[in-house]
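In what follows, structures are represented as structure tokens.
You will see chain A twice below: alongside chain B first, and alongside chain C after that.
Up next, the complex of A and B:
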């Protein structure tokens, strides 16, 4: 056992390395900069590349170029940078370019508060691409999660050939805590496996899946375009072909909801209230519920680690036996609508806070007891 | 000496033809010059990566039978940088329109030049935004009629050569579509140059720039390139110092190249001297 004292940002960097990442490009921004700093320590000694772009747009471009050349890539930023990434995010989605993007959220809008956390970008991450194509967003609650979810993120990026977001938060990213990375059971790594057949059709894929990958620069010529293209990678105007490609981009994420569902729960047998939350807020929620349990008032918690695609089946299943559902968020209600959509028969109460401070266990106890 | 006689069909993707360019557009001539350069250099098609942005000019990457990355407006240089850093052995070419390279992409252009990363930037300069319908560009200069300048432009233009030079490009050259053979020679040098190379090729857009500014048809526009440009160091230039110069302006063979420098960092870091 090797316990170290590290912040969530370093854990993300270590997760990336564990997943086989060999390229990082970024532009300094609090509270994400220490991911960059950690990658600088970790990558070059392993022969990897870690560079600073002239801005976020450039950094994303480098990452995408490197991803297409066959590398597993990571970039990291916060709200203002995510905004600048968005056109490339659309390109990465449309052209099925695998990559992992860590968004260490700060309190927005705009420059907002660089050193104050909030889960500011939950809807922006989902809808920040033109085309409205579904994306994968994972939400860590602590440094251990930062490590583990980053490895999952790389796996999903490979399997589904898409950008995958790790929606961290300043409060996790820049707070040091004790973690034993070696004790964390990681999923099997999905390697970048180049296509082996003779007839490479760059965007031909079975239903609900991503196409096989061939990097730019090997024997077979690879072409990519940000324009609407068919399975053969050529620009197309054929409505049927376009419809099929759009449908597949959507299905490859949504049809795999269950496989993409990561969560944690603390079920208390006699509880009639379920608290649903994600991110750093879930730590306070669990503490609040522990105290309430000691007082003889059992309350269960469900912590979502996958926010997008919405783990609807999980939410329905876990919520079905509860009378009261309470949703907590470190914003003014970006995700509660998804919960309400999943649970149309239930009344979902909401507490949100976006004022530069963490939601405390005390506040959560009050919210629960006001039931 | 080249293996076979030049046949452009060996280097294009017929599936993409007919091309989208208007009759008389200079961009096709640039494509021709470039394919000849690749042929004469005897490069393998799979050691070339072409990344481009969006614009009439950027469509060039769809027509060539190389690895190609038709990306987004103004950002081609950034994708090229990622590819090159990842696989430094590849020859990476970045053809761009003047708007693509120097308006929206201006920042990436100067920073790539500053780093002296081994990419070949080809600025297909028609002084106008062709694809979006004839708006002025940072290379239009003053007194030009454009869709977005009905009262004539008042903006000053960049001089691509001066900009590239001062930003740190280690190879800088200029030619025109009238001088297609010369353009091939310059492109060959640029492709083989180790470091950031820029070749500006003046390329006519008869449809917007030509018609709006009453410059005649494509042939007349190309004749203008003939009469208004001159080789660096020529007698003609001495007599007409105000003409636009063509040729090689900078060729620094030993300027440190970015990927090589980065490799040194990796080597040091791997030895624990990071």
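Up next, the complex of A and C:
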């Protein structure tokens, strides 16, 4: 056992290394810069590549190129950088280019507050692509999660050939805490396995899955386009082919909702209230509920680690026995709508705060007790 | 510390026709080159300029974070990606409406040389009627000292560190001012803080020349915090940058390139690099590469300025 004192950003970098990432590109932006700084320390000694772009668009572009050359890639930014990534996020979705994007969120809109946290980008990450294609977004609550979820993110990127986001927050990314990385049980790594059969058809995939991968520029001819293409990779205007491709891009994520569902829960048998939350807020929520339990007022918590695709089945199942549902967010209510959609029969109460201050356990206790 | 001498009026003070629009106690680090520049510009050009800027070290001051540091200038805080484009919008409108405003688009080298270069180049190519001033501290200082396109060879930054796998920046800097001059704009110039008279003349010339279109000023402005330099050495660093030809002072007026200060016997670049820690890991070989780079840039500039007679841009059609 080796306990380290590290910030969430370093844990993301270490998670990426553990997942086999060998390429990083980024552009300076608070509060994500220390992911770059960590990768710069970790990656080159292992023979990996670490590049600073002239802007976010370039950094994202390097990652896409390196991914198509066959590498596992990571980039890291904050909300304003996601804005600039956006066009290429669409490209990565449409062309099924695997990559992991760490978004260390800060208070928006726009430049917002560079050094202040908020879960600003929860809907933006989901909908920030042309076409509205589903994406995978994971939400860590602490440094340990940053490590673990980054490894999951790389696995999902490989399996579903898409960009996967780790939606961290300044408060997690730039806060040091004790972590024992060796004690964290990691999932089995999904390696980048090039297609071995004959007749490589670049975008032909079984139902609800991603196509097999071959890098550009090797023995088999691989061509990639950002435009609408059929299974053969050629640009197409055929309505049926287009419809099939669009459907598969949607299904490969949504049909695998259960496999993509990561969460934590603290169920208290006599509770009639369930607090649902994600990210750094869940730490305060759990603390608040611990205190209430000591006072003889049991409240359960459900911490979502997968935000997109929405783990609807999980939410329905976990919430079914509770009279009161409370949703907490470090924004003005970006995800509560998804919870309401999943629980149409229930009244979902919401508390959100977006003023650069963390929601405290005291506030959460007041919210719960004002039932 | 240099020995204190009795204050003597210099010709520089004659250029300070307007009041310093900044309140006392602004939030810059001690010895900040940017602060001197930011206070100097409106004192020379007037407090009626419309200044635009980006998230950077200048932003907390120009935006008066929590009202702690305030000034009397019109200010449009824009994004790094679109700095010159936002200034274009303002300047185009003022021109069309006949409003006599001087738009000064004031950005660091990260914006000018890297992320905002595309629309800086576009504004120059379209000859937009405003002044773009790049204060060059050779890196992204506000986010914690990362390298930029103007970071010189050998400099250590947090993204070009010194260690087992890296020996500081192993690439040469770009010459932003020459690149801008090659856009064939009415006025491009370099300036620095050790030569304030030269800087003042260039600011006034830019104000005059912006009637003809786009003006670009590249001002070398050291960052003692990010460079590992003594705060009281800022001006000396500028002086030596000029005396070693590391940062030569020149201007291109209507395409005519002219040295505004010629150094007869340039000192070795080492006399400049020794003033700061960012170059401390450089060995002899690294210094040779940096010296070669400085010599090469000066050689290009020398060639261009010698050819000045044949190099004049045709005047705009309306003149």
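The working rule: the second predicted complex is superposed on the first by the 371 of 371 C-alpha atoms of A that agree within 3 Å, B and C clash if a C-alpha of one lies under 4 Å from a C-alpha of the other, contacts with A are read in each partner's own complex, and residues count from 1 in each chain.
Here is the rule we use: contacts are C-beta pairs under 8 Å (C-beta built on N, C-alpha and C of every residue); 3 or more make two chains touch, one makes a residue touch a chain.
Nothing here was measured: the structure is a model prediction, and the numbers come from that model.
A.B. asks: Counting touched residues of chain A, say whether chain B or chain C comes out ahead.
C.D. replies: Between chain B and chain C, B touches the greater number of residues in chain A.
A.B. asks: What is the contact status of A:88 with respect to chain B (first) and chain C (second): first, second, both, or neither?
C.D. replies: In the superposition, A:88 contacts chain B only.
A.B. asks: Applying the document's definition of touch, where does A:54 land relative to chain B and chain C: first, second, both, or neither?
C.D. replies: In the superposed model, A:54 contacts both chain B and chain C.
A.B. asks: Of the two partner chains, chain B (first) and chain C (second), which one does A:45 touch, if any: first, second, both, or neither?
C.D. replies: In the superposition, A:45 touches chain B and chain C alike.
A.B. asks: Where does A:222 make contact in the superposed view: on chain B (first), on chain C (second), on both, or on neither?
C.D. replies: first
A.B. asks: Taking the superposition as given, does A:110 touch the first partner, chain B, the second, chain C, both, or neither?
C.D. replies: Once the two structures are laid over each other on A, A:110 reaches chain C alone.
A.B. asks: Under the contact definition given at the top, report the residues of chain A touching chain B in one complex and chain C in the other.
C.D. replies: Touching chain B and chain C on chain A: residues 44-45, 54-55.
A.B. asks: How about chain A: which of its residues touch chain C in the complex?
C.D. replies: 27-30, 33, 36-37, 40, 44-45, 52, 54-56, 80, 84, 110-111, 114
A.B. asks: Would you pull the chain B residues touching chain A in the complex into a rising list?
C.D. replies: Of all residues in chain B, those touching chain A are 15-16, 45-47, 49, 51, 54, 62, 65-72, 75, 77-87, 90, 107-108, 111, 262, 265-266, 269-270, 272, 274.
A.B. asks: Using the touch definition up top, name the residues of chain C that touch chain A in the complex.
C.D. replies: 55, 79-81, 110, 113-115, 117, 140, 143-144, 146-147, 149, 158-159, 161, 164-166
A.B. asks: Flag every residue of chain A that touches chain B in the complex, lowest number first.
C.D. replies: 23, 25, 41, 44-49, 51, 53-55, 57-71, 87-88, 91, 216-227, 234-235
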